[in-house]
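Both complexes shown next keep subunit A, but they swap its partner, so subunit B is in the first and subunit C is in the second.
Right after this comes the complex of A and B.
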């Protein structure tokens, strides 16, 4: 297109372009311009110099991050938690969706779906309050029950080893309703004639679920799981921060990249290091999402992100 | 969109093999009702615990801990909250203002952007779509974003910092776009022939036709604003600007802060504050509106998820 054509098109479509302006400005200000701030990862930040005036320090921030041993710890935690979330959450959601569809009455389905969706609607702060209610050493419900039946109380907030189980449970709890609705929608889309044919052939209901429902869910499962794998290095900050907070005792089991970056910025005020870890996460995340998308594309072109 | 709901209902009327109840179905029903009941109980149980704890006398909590049923019933925590409500009301005010303004503005810009991106005669729609979409794949990370907002835009401790950074979400734009592209072009074609401009077509034709999608996405946006505490954690230090969830977060972690807040709202300095039941009562008060509105808005979320799922 020649220059005249370009300007001519801008003038012709000025209304549409104006309508796009707020969103373009938004993403420029909050996404694209900050990308330039990645230079901070290679700088020894000071407030007088600011983003562009601070002196360079090469790969020092990265070297510090990797040599401190934190890099491996937070990367491992982030990935392992996300893998556990993907497996547990999806298995529960699929089981719930199948049973909601096949095994229970309409009235019961509606009520239970409403109840299961409830945790999705509350903030992570409220989840933190619930965790406090359950696990506080002195007044927590768990210890009330344990002491009532004559057992020793447990000090959950001082025992790192409990936390992987707790966090996986909390994640399953919060996403159950949401995920089972997604899978329910996919089950509803399965051709009813297959079931009728199987029934005539004498297949019992379990065989029908195993041979028809689950195989037909595979496309949905594979796509949702692959997309989740693409985000495997992105920790859910809200969840980890509200469940664990600044309780350093638990960090070896609970610190993820996002909470580490946040603390490095706000508590220890190491802007350069924090930017470096953030950049490391972005690159890692970008690579995994490209890989995941490549896998989705191989599997089913229509569902690829790009 | 309500097709899904109808389909669920219809499936109940689907012909089951007539005659006696089969053993396999009976077994499945047994598993289904047990498993789903268990899951539902686990989902609601923590809420009951919090309600019960908020209604228990403080001395009993200190003695026996939180219980599923109040051992000694007391509304002391709530009466204290409502007796000195200044801070709580302020936080409510901030949250309501942020939710209303953010949802209205966010929804409008989302719809406007989506409308342009689905216009098939707009040559650059793919380039712009990619410009938006790329931000979900790669970002500069927390630090540059934080410095942009604090140092360059100077938004710290202003109401707008609770609204602006989360105004738009690429996925809502995509869902809205795919909904709008299902509106038949013939509808806008005649308006165009009558000489209506693009913006007028959007405002007077597209918006009314997009009501279902607007309702669903509006609820998602509103929920995100109502539940937001992260922006406040990063950008708000003034007590007058604390939204509800962040206020709750502060109070849960900081009993001295709670005492101070109570005193500054006029409570007697020497008073014994029932901190444990108060924490739980605050949790209930901060979640209350969502719990009350929930049964009515839940179906819109279900519908919204279903459009998202179908369109990918």
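Right after this comes the complex of A and C.
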């Protein structure tokens, strides 16, 4: 067996390898093959030349992004929003998972889980429409209520300062159910004997959560947060675009790299410029994840991703 | 058993490898392949075909795919079925159209070219990426030979100046429409409301302001003025009237704020945002906004303004004369009790004649059926029978013919309308018998004030300054739009901010580049 080397190994592990194939294929097709498109960032795109035949133009495509004065603002917005989403969403998801785990009554648990999960299935386009009907100045639900009780209406769509709160809230609402399932699975995986022992020793429910559940969740939390950090420079386009649209007044608080790129591509129709910004995002994301992983390794080698 | 299993595995691996390789392979090969094809194609077409009797070979039936802008009409199958019978008879070709809906055509249109999808004829216009796509190589160059061989009717009917105006960098990429008109805009207002409140006639910026302010103050639940400000358009929708027409300026390209004076023979370019006229206009807008002339959420509005107006929720909007005249006719037909009127806010100013690129058809650069496509366009524009079908639908169902040059609408009219068949506009167009006489009066008054100037046909090539164009566009969306819709409290500061941001975005470089191109253009005249 040994003498047949690699082929022998392949035959021996055929089942596992076959199971691995779809994932490998997926990443090859959708992550590695399109990577060749990076060359567009350094090209002056035209239809006749296409992706590979268009003439090179060095770092020219990057100039617009950094000279625009928008680079810092959109990068900052993207990172800050994502940090807020990671913290708020994870804390809420963990809390929801613990509550669901501790909740008594099978029906109550099932129903509340379903209700939490529901928003995950609503498309951002619909969420955007719902938000418009809630917040618009003239006929929005919010202002109708406010004026009915004699308060001043608020002009949500022209006041950028409200938007960080709205966006964080909407994101939490939408991802709560989905995220809590993962944590719930992790909690269910915790050894039941530990809880029984703690109960016999007289630990109350808060002590059990604080001393057993949360410490045991740490590996899951670290992995999920590390994965999220890799995407910290990618804004959730569907969310920002459908919630804000092309409302220029809100951009200072709501424009993320992805919406900025989208506008540049569609209103000026320049593929090279957009590819350049995508490249910039990837490099930043790559650096952050290396850094975060390094920090985790320092703290605890076993919990690092690689 | 063991053998069978390993065979299966081998098979699976081979499958995997072929898919991966073919995916890579096609990606690598396709584009360079296309490039040589596109560059050679027009040349070979031109030399091969007319060699015989000057007419391309039509013995084989072909299917031409068209890319049109606008919603798919309800009776598409019916009308195009009929149209295809005629086209098959005359050019042995059938057409099949794909429609890009108005709501997102600006996003989809360039993608169709970037993805090199299979289509032959594309609707295009100066407001629909014409020069942009031409410069990027999306359209096939229409050589004189191609046109001579395949478009005898257009060649006879189209004035030379129309061809000349639709050239980009000296090359023809479009079969322009053949329908001189004025592109100036007018405002559609609710005449009944004006009378109800005893307001003077609306015929100037001041009387218009008076009208909208009165409506806003007295008519609950109606937006006095409305616009679709969130669709990526970088100007206030009244700007063309109140900034360009009023001051007799012409913006070189709507993606940047650079204009020249119509009567300035030297073509000196200036930044419109940096003029006292602009500041005065923003103050005017601010006053309207403060009086609730439009919704506070106008920049998030995604509704169709004309539909809102029909529903009685909007009391004025701005559009080209032809469109508002059609709106007026439609309203008279459907809701005779609502009285509308067309208001010309700048009656005494110089008018700009529409250049021929206002509508047109182009051939996709990678089309293999260019000759037949051109024949089809030739027939759509100039063959009475086919032209009528394509423009108005089936006689008796979608329109009622009135003489040779007019039609009247029927109940079926709304089932075949609303998309860009305007590329086939020609002197054979029928006029709506119910076309409002007042619109005709305005149109003929405008014709007499048409001002012709050298720079009419100038097209800006932004290849050297695309970074600046992109950045300036972003600044316009972010700073100019809120300012113009009166959403910025301090006008003075808003204008200063806007100009500071424009400077940072490279407006000076853009202006220098544009000026040098204009100077060169004028020198060559």
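One rule holds for everything that comes next: the second predicted complex is superposed on the first by the 227 of 306 C-alpha atoms of A that agree within 3 Å, B and C clash if a C-alpha of one lies under 4 Å from a C-alpha of the other, contacts with A are read in each partner's own complex, and residues count from 1 in each chain.
The criterion applied here is as follows: a residue touches a chain if its C-beta (ideal position, glycine included) is under 8 Å from a C-beta of that chain, and two chains touch if they have at least 3 such contacts.
Since this is a predicted model, take the numbers as computed values, not measurements.
By the touch criterion defined above, A:202 lies against neither subunit B nor subunit C after alignment on the C-alpha atoms of chain A. Applying the stated contact rule after C-alpha superposition, one finds that A:138 touches each of subunit B and subunit C. Shared-chain residue A:50: touches subunit B and subunit C both. In the superposition on chain A, A:29 contacts both subunit B and subunit C.
In the superposed model, A:182 makes contact with subunit B only, not with subunit C.
Among subunit B and subunit C, the chain that touches a larger number of residues in subunit A is B.
Looking at the shared chain after the overlay, A:5 reaches neither subunit B nor subunit C.
By the touch criterion defined above, A:150 reaches neither subunit B nor subunit C.
On subunit A, the surface touched by subunit B in one complex and the surface touched by subunit C in the other have residues 18, 29, 33, 36, 50-51, 132, 136, 138, 245, 266, 271 in common.
Within the complex, the subunit A residues that touch subunit B are 9, 13, 15-16, 18-20, 22-24, 26-27, 29-38, 40, 50-51, 92, 95-96, 99-106, 108-109, 111-126, 128-130, 132-134, 136, 138-141, 143-144, 147, 173, 176-178, 181-182, 184-186, 188, 192, 199, 204-206, 209, 220, 223, 237-238, 242, 245, 258, 261-262, 265-266, 271, 274-275, 277-279, 281-282, 285-286, 289-290, 302-303, 305-306.
Here subunit A touches subunit C in the complex through residues 11, 14, 18, 21, 25, 28-29, 33, 36, 44-53, 60-61, 63-64, 67-70, 132, 136-138, 155, 157-158, 245-249, 251-252, 260, 263-264, 266-271, 273, going by the rule given at the top.
Chain contact summary for the complex, subunit C toward subunit A: residues 5-6, 9, 12, 16, 19-20, 23-24, 27-28, 30-32, 34-35, 38-39, 106-107, 110, 113-114, 116, 129, 132, 135-138, 230-232, 234, 255, 295-297, 299-300, 302, 365, 463, 466-471, 473-474, 477-482, 487, 501, 504-506. Subunit B contributes residues 4, 7-9, 11-12, 14, 17, 22, 24-25, 27-29, 31-33, 35-37, 39-40, 42-44, 46-47, 49-50, 53, 61-62, 64-68, 109, 112-113, 115-117, 119, 122-123, 128, 130-133, 135, 137-149, 151, 153, 164-165, 167-168, 173, 197-199, 202, 223, 226-230, 234, 245-246, 248-249, 252-253, 276, 279-280, 283, 286-287, 290-291, 294-295, 298, 301-302, 305-306, 309-310, 312 to its touches with subunit A in the complex.
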